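Listed next: structures, encoded as structure tokens.
Shared chain: subunit A. Partners: subunit B in the first complex, subunit C in the second.
== the complex of A and B ==
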């Protein structure tokens, strides 16, 4: 047991571990932010998984055939945006259930990317023959000299920086801009929003396109930073994890950061698990156990809030003592 | 208006659902090789199919088997008609797909790995006229007595012993790792051989086993290998099919002094042939499972009528079933004496002077 503690201590004092935590969090974070903004507008975007894998694939193809990873990134983003637009068109204008659209996009994503990979490159499992390259990494001179922190944050991909910067940007967008206010009001109460002249469909569409772009960035990260090629099924369920992370985060950008970091942490830990002498299966289930626990806590919180609101609006004279009693009950 | 809307909705929903299903099916089973549809009519060629529970393109195990099928077609094209079928990585379709293929009435079906044992048992029972060559798992004839099954096993422990020696010679940190897909008997067999080979050179070298729980996701292989390198294990023996490809990227990222030992195919040579010199330079050697040669051998014996159905034959170093590869990188990292020592060990294993541990 002390052996175990020593190894665990060794992992936790290794800056490279935190580097891995941050880098594995990136695609989950981007997808989670994508789910969150759609959710804020009242549309559940289930399709991040499919968007991610298609963007990862087309990004690599774009990069390989133009010889520029930046164009590859652009292609991935455009693919993400187009997918978001497509989902919006089907769900908002053709009135197809958005969950069904999401499932269809995910199925198309995994099948089409594998199929086109074979047709275009002749590869069946990974496009290693394309040499599509990777996006540059960033190390800021001053920062990378700081002993522990330097190792963690330097040499992270440019997309990792974009992902972490996306958190404040998205907070600003949602809570400080007109579009953000519209998105939230459409999600909260579409009828009220449309009564004051906000176009519900157009606002939801904007949210879904942003959601698609974030999914596209996540895909680009997978195939142009994480690995320098597209590999079949490389989205690896991250789009679904993002759905859970969004729910746990109550659809807020900062919360999304916290929950995706949690998944990133446990995923990174699972890759280090062999030296801990505990079964890898156990560690890989931890994020999901954490999700369950998180969702329970979240549900309890919501219940408590609702009860409080009921008290306030119903009785109007709920005493401080009563509230404390409620809280301890929950 | 509303009726029209409903029809539009219906069409749109069913349209995308169908598109989704159709395309995802493309990822499932597909056909390649030289099959002909009018077969079985009057031709007396033996019809032989290689059923893959995965996809081609892993640059190792399954690809090597496919190469074997091509060799059979080349060498015995007048007597065999060959085909290769991929069933994909969705385990839920393996049973039905395998039974579907079996119902086409093949003379010989080649399939393997521990996942497929029960399905092969089912086929062998339902189609007594179809012969099955079952590879990469010791067929248990006591539990599943079939006289139409021929078991082919690879002595991966022997080959792993040799690359374990190479790892022990090459490590600077005195820590080496094994990265396997899943803890089944075959992969354990790799590990025990590897461990013993390392210890034979230097018992003070630490060997760790790491299990990725994936054979397909390269990102997982990349992350696990990177974690191992970061913890000071400078040699990783990567044994998990497509998942293991990620280990090469991790080694390249880590830079000088970090190596991968490839598996099943000669992966160093493969990277070099792709012009990927960086990866080739990080591939110390490969433990080759020569699935191709064993298929070809079996095909030859089958024609002579000497293939011993009802038994399991182990293809070891002696029969060329396994081997270790020597590339430019191998020669750069290891000295001539060290390579000679590995060759000597190979001879000793063949002669029975060295007994390699096994899980079988």
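== the complex of A and C ==
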């Protein structure tokens, strides 16, 4: 047992471990933020998985055929945005249940990417032959000299920086801007929001497009940073994990950071588990079990809050709609 | 006499409500769009589009082995489809079938290896029931978490799927692996597998069980009080509550049944087609169940049609993949597109309006004609 503790201590005192944690967290974090903003608008975006894989694929193709990873990144983002629009169209205007839209998009995403990969490269498993390249990494001179922390944060991909910067940006968007207020009010009480002149569908659509863009970035990270190529099924369930991470984080950006970090941590730990002598499968199970527990705690909290609201005489109920009304008057 | 009966058919056709007729039209257009996209993709990408298309559209009738492949594909589709129909009828978006199928398959395989390797007929039945039991326990976790704490069922079942996968992988690699192999167990006992029905094919006795499960699901949902209650809860929870049904309790029951069928699906698939347990990822049959339920509008009566339809083109795509070099993944695109359009409530809503007006016009004319006849 002391051996085990010593090995574990060795892992935890090694800055490379935390470097891995931060880089495995990136795609989950981006997708989680994407789910969170959609969820704030009252739409469960189950399609992050499909968006990610399509963006990862088309990003690589774009990069390979133009010779520029930046264009690849742009392609991935555009694919994400278009997918977001498509989800919005089917869910909001053609009235398909949004969870079924998600399932269908995931089917289409995994199928289309694998199908086109074979058509374009003649390879069934990965696009290694395309040599699409990776996005640059960033190391800030002053910061990378700091002993422990320097190793952790330097040489992270430019998309990792974007992902971590997206947390405050998303917080600002949701809590300090008019669009954010509309998104939250539409999610909380669409009738009240539309009664004060907010277009519910258009707001939800905006949220879904932003959600798609974040999914696109997550896909780009997978195929142009994390790995230098696209491989079949490379999103690996991260879209579903994102959905769970969002639910556990109560749809807040900062909470999303915490919960996706939890998944990143265990992902990273599972790569070290052979040295620990414990089965990596069981380590990999931990974040999922943690999510179940987190969901229950979250649900109990919600119930408690609802009961409290019932006891108070419903005064706080329309406050958000009132805020929207004030904002649009201003 | 014959005149009378043909008149009866015409009247029956006319008496199908506009809504149903519109649903049929929508389904047909959705299938046409899906097929159209598949055909376009094949024509654009195949080296020899003509032969590729021939295989895609006609493969199951080209040889006995292709036809039997189609029947093999139908078996899990029917079972997981029935499970999802029951759960979705109660409006429960339980997506946990993947996990039950995976562990149901593992447990059935282990039972066939260690518990009943040499017991014909009763052995496989025992293993399948054991698989069902495992499915029950797996689904019970998220279902009870929802019942007790209102934990989000979509998320919790998705998480359960991964927990099942990794727990199963742990048992596969660290406990039950055949040391001589890299990633599978010892072979399943010779009498523990499901019997082959037609020699020379892989069509196995699981087909009977699959048909029985579909009939069970139909009878349960449409011929029993429990089924009526489940459907009422799914269609209108407020009304269900008003008439005194236990909404969350019925949701729970529907998921328990779905879980049992899910576990049995995995067991049947494992004992029917595999010599040893070798699944290292989730199988996808659970998601297939969702697609099936969508095609069947949650009514098990339509599952056989949906299963034959999906299995037909899956077989076509499978044959096309090795005969004409077109990737089988095309099928996912095809099915995803159809799911989107089939479920689109507002799709072709303009046509729906026109159909209603035309129907009303026709009825008014008939009434006027009848009045005119009386007057004369």
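Quick note on the criterion: the second predicted complex is superposed on the first by the 313 of 330 C-alpha atoms of A that agree within 3 Å, B and C clash if a C-alpha of one lies under 4 Å from a C-alpha of the other, contacts with A are read in each partner's own complex, and residues count from 1 in each chain.
Quick note on the criterion: a contact is a pair of C-beta atoms (placed from the backbone, for glycine too) under 8 Å apart; a residue touches a chain by one contact, two chains touch by 3 or more.
Since we're looking at a predicted model, the values are computed, not measured.
Peer 1: In the superposition on subunit A, see if there is space for subunit B and subunit C together, and answer fit or clash.
Peer 2: Aligned on subunit A, subunit B and subunit C clash with each other.
Peer 1: Examine A:228 and indicate which partner it touches, taking first as subunit B and second as subunit C; both and neither are also allowed.
Peer 2: first
Peer 1: Does the superposition put A:18 against subunit B (first), subunit C (second), both, or neither?
Peer 2: neither
Peer 1: Scan A:292 for contacts with subunit B and subunit C and give back first, second, both or neither.
Peer 2: Only subunit C is touched by A:292; subunit B is not.
Peer 1: Scan A:90 for contacts with subunit B and subunit C and give back first, second, both or neither.
Peer 2: A:90 contacts both subunit B and subunit C.
Peer 1: Just subunit B (first), just subunit C (second), both, or neither: which does A:275 touch?
Peer 2: first
Peer 1: Answer with first, second, both or neither: which of subunit B and subunit C does A:125 touch in the superposed model?
Peer 2: Once the two structures are laid over each other on A, A:125 reaches subunit B alone.
Peer 1: So, A:58: does it touch subunit B (first), subunit C (second), both, or neither?
Peer 2: Neither partner.
Peer 1: Pick out the shared contact residues on subunit A: the ones touching subunit B in one complex and subunit C in the other.
Peer 2: 90, 94-97, 100-101, 103-108, 110-112, 114-115, 124, 279, 281, 284
Peer 1: Under the definition above, what is the set of subunit A residues touching subunit C in their complex?
Peer 2: Within the complex, subunit A touches subunit C at residues 44, 46, 90, 93-97, 99-101, 103-108, 110-115, 118-119, 124, 237, 240-241, 243-244, 247, 279, 281-282, 284-285, 288-289, 291-292, 295-296, 298-300, 302-303.
Peer 1: So in the complex, which bits of subunit B are touching subunit A?
Peer 2: 5, 8-9, 12-13, 16-17, 19-27, 55-59, 86, 89, 177, 208-213, 216-220, 222-224, 226-228, 230-231, 242, 245-246, 249, 274-276
Peer 1: How about subunit A: which of its residues touch subunit B in the complex?
Peer 2: For this pair, the touching residues of subunit A are 10-11, 14, 16-17, 20, 24, 90, 94-97, 100-101, 103-108, 110-112, 114-115, 123-126, 128-129, 131, 222, 226-229, 231-234, 236, 267-268, 271-275, 279-281, 284.
Peer 1: Could you please specify the touching residues of subunit C with respect to subunit A in the complex?
Peer 2: Residue positions touching the partner: 41, 45, 93, 141-142, 145, 149-152, 154-156, 158-160, 162-163, 166-167, 169-170, 173-174, 287, 290-291, 294, 327, 329-337, 339-340, 343-347.
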